[in-house]
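Common to both upcoming complexes is chain A, partnered first by chain B, then by chain C.
Up next is the complex of A and B:
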């Protein structure tokens, strides 16, 4: 029985994240008890009161598995990435932000200055007449203040430390997490270092039950509320921009099953350097129209193309960021 | 720089005499390359393509145990095969070779030797980074179907068909009109020898009909073509003649019996200068000798209320009013396109009054007028049946003109001289030829011009401004006045004449663009079919196994059309006799493990190489059809499609090599 084996030590940490990944860990519901039967949670800021210093004092390699979610966007995230790498046997980039940069990664379309100006000067809900920006170090009456410094770039976890596995998803499908975890507990052969786990090796369309044909013929794109989906035909063939053709499957085509287009959170397949250009060229290949004007008209109906095609993957792509 | 431990690269840079060495410091490039990772050996040499150059690769490969070869020299179009062969002879797979074009891309296009040398080094570095990731590939061989399709039965198609059939091959000759012969069939005489067109053409037409190796499909068009060199599947649609071809013997009893006692409808073959009945034959020697019914004018088809006296007159029961278009499938290995030209539409040059003044004719109409079997039996009379006493022939109508066609149509000067001679002979009128330049290049052509100069024909050098009936004196009254600047005497002249002949130019056929699409070939800017190389491959196209000949490739006279037809026939025969074709392995293939069956790729392929396998729910590329254009590779969201010689790693290493020193 597994109980006889020493329990595994498990850590969950968040970098630049929304919290959804941590919730997805909780989302395994009663399966969490199975996990806890085999593992002790040694660090999990959202749930446990364990301080950074406590982690820093753990012996190196003493944590069996760390699920690191969130991107790396400031010095605190980076510091903890290094600490957790040192302390963990297996470091997993958990969720799209840690894996590819995710939604926070869209900030790479702006510079640090632009982000600060928007947030600390222009935001509608702001009252900052002196236009004060945060400073990493500051003298205040209470003494010397120290806060993490904000980077110009949002980075993926692997751009900062060596990563063993990647679990995609925004957030990852909780069932997948349990499967992977139980594999580790049961001592099954671990996948090759550097692999994407808990997901398929094919794209969404492979699992999608919608009817697809060779007649794509898109003449313009619609936002989902602009057309009545017939519920059967491939969304792209109906002009609703779906990232399925270039997005790794593994979620169970959840969005499309719920009649919403795939947004691409599972990222590209192996060996595809740049998810954005890949989906862009797949989508462009579905356009109908011989004349440049017809094609331009179709393309103009895509709202926020850069944000759409790189929604989850900008920092991890070849493009990485907008060069200012 | 990307490294592959197993790769041992031999690098050679060619001087190309002075072509490269003058602008690129070849020794410095060779020294530079020697220090790059994976490079075992680096040399420069005067002429790499020479035998000693190739021998050097052979010897070095053995001594230095090379397994990759890079040659920096001229264009791959010129010598890629040379060096691939040398690589193969050296016992190395020929696709472990990469060529760098430092002549067209560096030495010939730059003026600063230092910078040109830097560029050459960059290009060399890129090639070396790439070649180490090349894979060993094999060229596939596919057999060539020996049957040939020829489209268009003008003099080009006829000549090619006879050439090929005489070599013992099966030919399908598809002609869209009811008869073969093309434009030549309309002429009375041909320049420069003035031999009778019918006398030299009709024997060839009947030879085509009688040849056991030729299947003539007249009144038919090619609807679709699939497949690839050596193995084309062709769909030919035969239009209904409403006559059973095999039964009709060409007695024309039906024509006499037609309910229309008088011919009422414009006769296309006579350029509308005469009338025909709904049941007709284009001209007496039409081949095949089979009548047809024009369903747009026939009473039966218009009202269903004709007693069908034509059919009743036919003692062979050849009529079948229920005929429908029939589509027939052919399998051939090679295709010759001989679809000819169309004459410039004179109405597009309104200043010459065609269509406005009855006595303005096109050259083709005049070809019919002077023809003994034409609408007037060779009697040259105007529309009011009077004989013209003065005739102006205007050259270059629609040609050499920014407003219409820029090109010279090549045959108009010569046929205008011919018509001048014939009109003189038939009418003894005063003949004026208005020309911009007299273009008579060709065997016996200038001599023909000399002959005309001595026949009392007037030659006026200058572009005609307009033709009008606006008389400014008695002398001009009732005549057509040709106004032109005579550039030899430097003044504007007005020449009143009874008849004007417009020497209309040669244009791409009106369905050239449709034909281009069906056969997947290209057209040049003017719209004529594009040859693979203007000098070295004038009858080949960019689609293997498809050849072009005659006026569809560009303005041409009969001797040149026949010569091209011979060349195209020889090319087709060479392909057939080699028995098989080798296919470049730069094709794409689909990894079924990755393909999600989205079918994005299918309709993108310009060559229809991709099909969907319903049972496996994956797409499949027919390698024999794939031309390696890469379109599908870029489109596949799964990255399931890989193209040989253009794998991601190869391309990315090449880019890396180019950008990073």
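Up next is the complex of A and C:
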């Protein structure tokens, strides 16, 4: 195959991430060989020993595609976001965290002080009688220590640098990544800058095979372990809170196919500014009851409504974080 | 909104009011032609039905600096589209939980059923809400949303 064509340069980097996105890149399995036939991986902390200084010395715009996964929650993440933006022709926010803030973004329900108190003072598995908190700069006998400083607000990648494309998912489905990559290799027309790629423009329910009716009339919600799913009926109709009605399709409805409710990791559809309120709206309109007491009884069965609706999207939402 | 304005007695809250075309908006017309005096704090947005009000509208208004949001619709059973106000009611109660968790004072969002003949009730509700918001002071939401703390 086109050996005369110069190979693309590919980088993968993680910010505030769990590592699942990097693993999803590995999950392309033998297709990785196809990718490597067309591209050289020049930077990938999970797999290659390439230092930050090496990246900083690369010429600007020399990396063709960078997949940045993870949110931006400390000074190291932000520094590398700026470096990789400078070095890359195409910067992709890869996965829910880089796209909308993801699970680390739930920290925006708390302040930095609350997070530190929990982690360094109250955690059950902790032995820290002096209540020592990490400091960004510290003098020890061996010399001057420096660690990244932790931010109060978790940010999405696009809140820090200019982003070309967004690939949603927690993690994104590996097949989509191969498709997007091959489109780039084959020189297909690239989508408009700022597009969400590697996903559908329809909603989860559109692809879901479960039986749905117009009559929802939910009087209470159940946690998945509280009821026996019949395996056929819409999970919301059975009272199991499913984010499908307001979540972008593209994953192949994997969670529901596996009889687990959709958690909303693919984010909102095009043109929707705030994923959480859209899910809220969809869920509320399925409720039964015309009296405030009945409605509130149904709502009482939703554990942590804000955390559920904004599970993957708090930093990227309109409010961005808890107000006070 | 700064704290200087908070201490200023002349500060008056800004309320974004979503009124349904058939009841509450007509009530505000009635209040007008009846020459009822009430606080000039509302910016009214007419919608065809309270069921049209997406919770995102409320959040958007807060992030753009509204101190309070008032939603007005037809009394239960009187919706022009038969069920729209119930949809609004369900969303309202769930939204109240969410804004509470987001650290927004729940008194900043209010839902009232005001029929076309209740111009007087509209006057009372706007005056009451203005007074409540005056005590709460300017909303901090816009500033928090726009100020990233690292």
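Assume the second predicted complex is superposed on the first by the 323 of 324 C-alpha atoms of A that agree within 3 Å, B and C clash if a C-alpha of one lies under 4 Å from a C-alpha of the other, contacts with A are read in each partner's own complex, and residues count from 1 in each chain.
Here is the rule we go by: a contact is a pair of C-beta atoms (placed from the backbone, for glycine too) under 8 Å apart; a residue touches a chain by one contact, two chains touch by 3 or more.
Just so we're clear, the structure is a prediction, and the values are computed from it rather than from any experiment.
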Clash-or-fit label for the pair chain B, chain C on chain A: clash
Which of chain B and chain C A:59 touches, first, second, both or neither: neither
Partner, of chain C and chain B, that touches more residues belonging to chain A: C
First, second, both or neither for A:258, with chain B first and chain C second: neither
Touched partner set for A:212, first chain B, second chain C, both or neither: first
Which of chain B and chain C A:201 touches, first, second, both or neither: first
Partner chain in contact with A:246 - chain B first, chain C second, else both or neither: first
Touching partner for A:285 - first (chain B), second (chain C), both, neither: both
Partner chain in contact with A:269 - chain B first, chain C second, else both or neither: first
Clash-bearing segment of chain C relative to chain B, given 3-11, 75-83 or 129-137: 75-83
On chain A, the residue positions that both chain B and chain C contact, one per complex: 272-273, 278, 281, 284-285
For the chain A and chain C complex, residues of the former touching the latter: 75, 78, 109, 112, 149, 151-153, 155, 159, 272-274, 276-278, 280-281, 283-285, 287, 289-290, 292, 295-296, 299, 302, 304-307, 309, 317-324
Chain A residues within the chain B interface of the complex: 201-206, 212-216, 234, 244-247, 268-269, 271-273, 278-279, 281-282, 284-286
Residue ranges of chain B touching chain A (in the complex, touch as defined): 593-604, 612, 631, 634-639, 648, 652
Footprint of chain A on chain C - complex, ascending: 54-56, 58-60, 62-63, 76, 86-87, 89-91, 93-95, 97-98, 101-104, 140-141, 144-145, 148-150
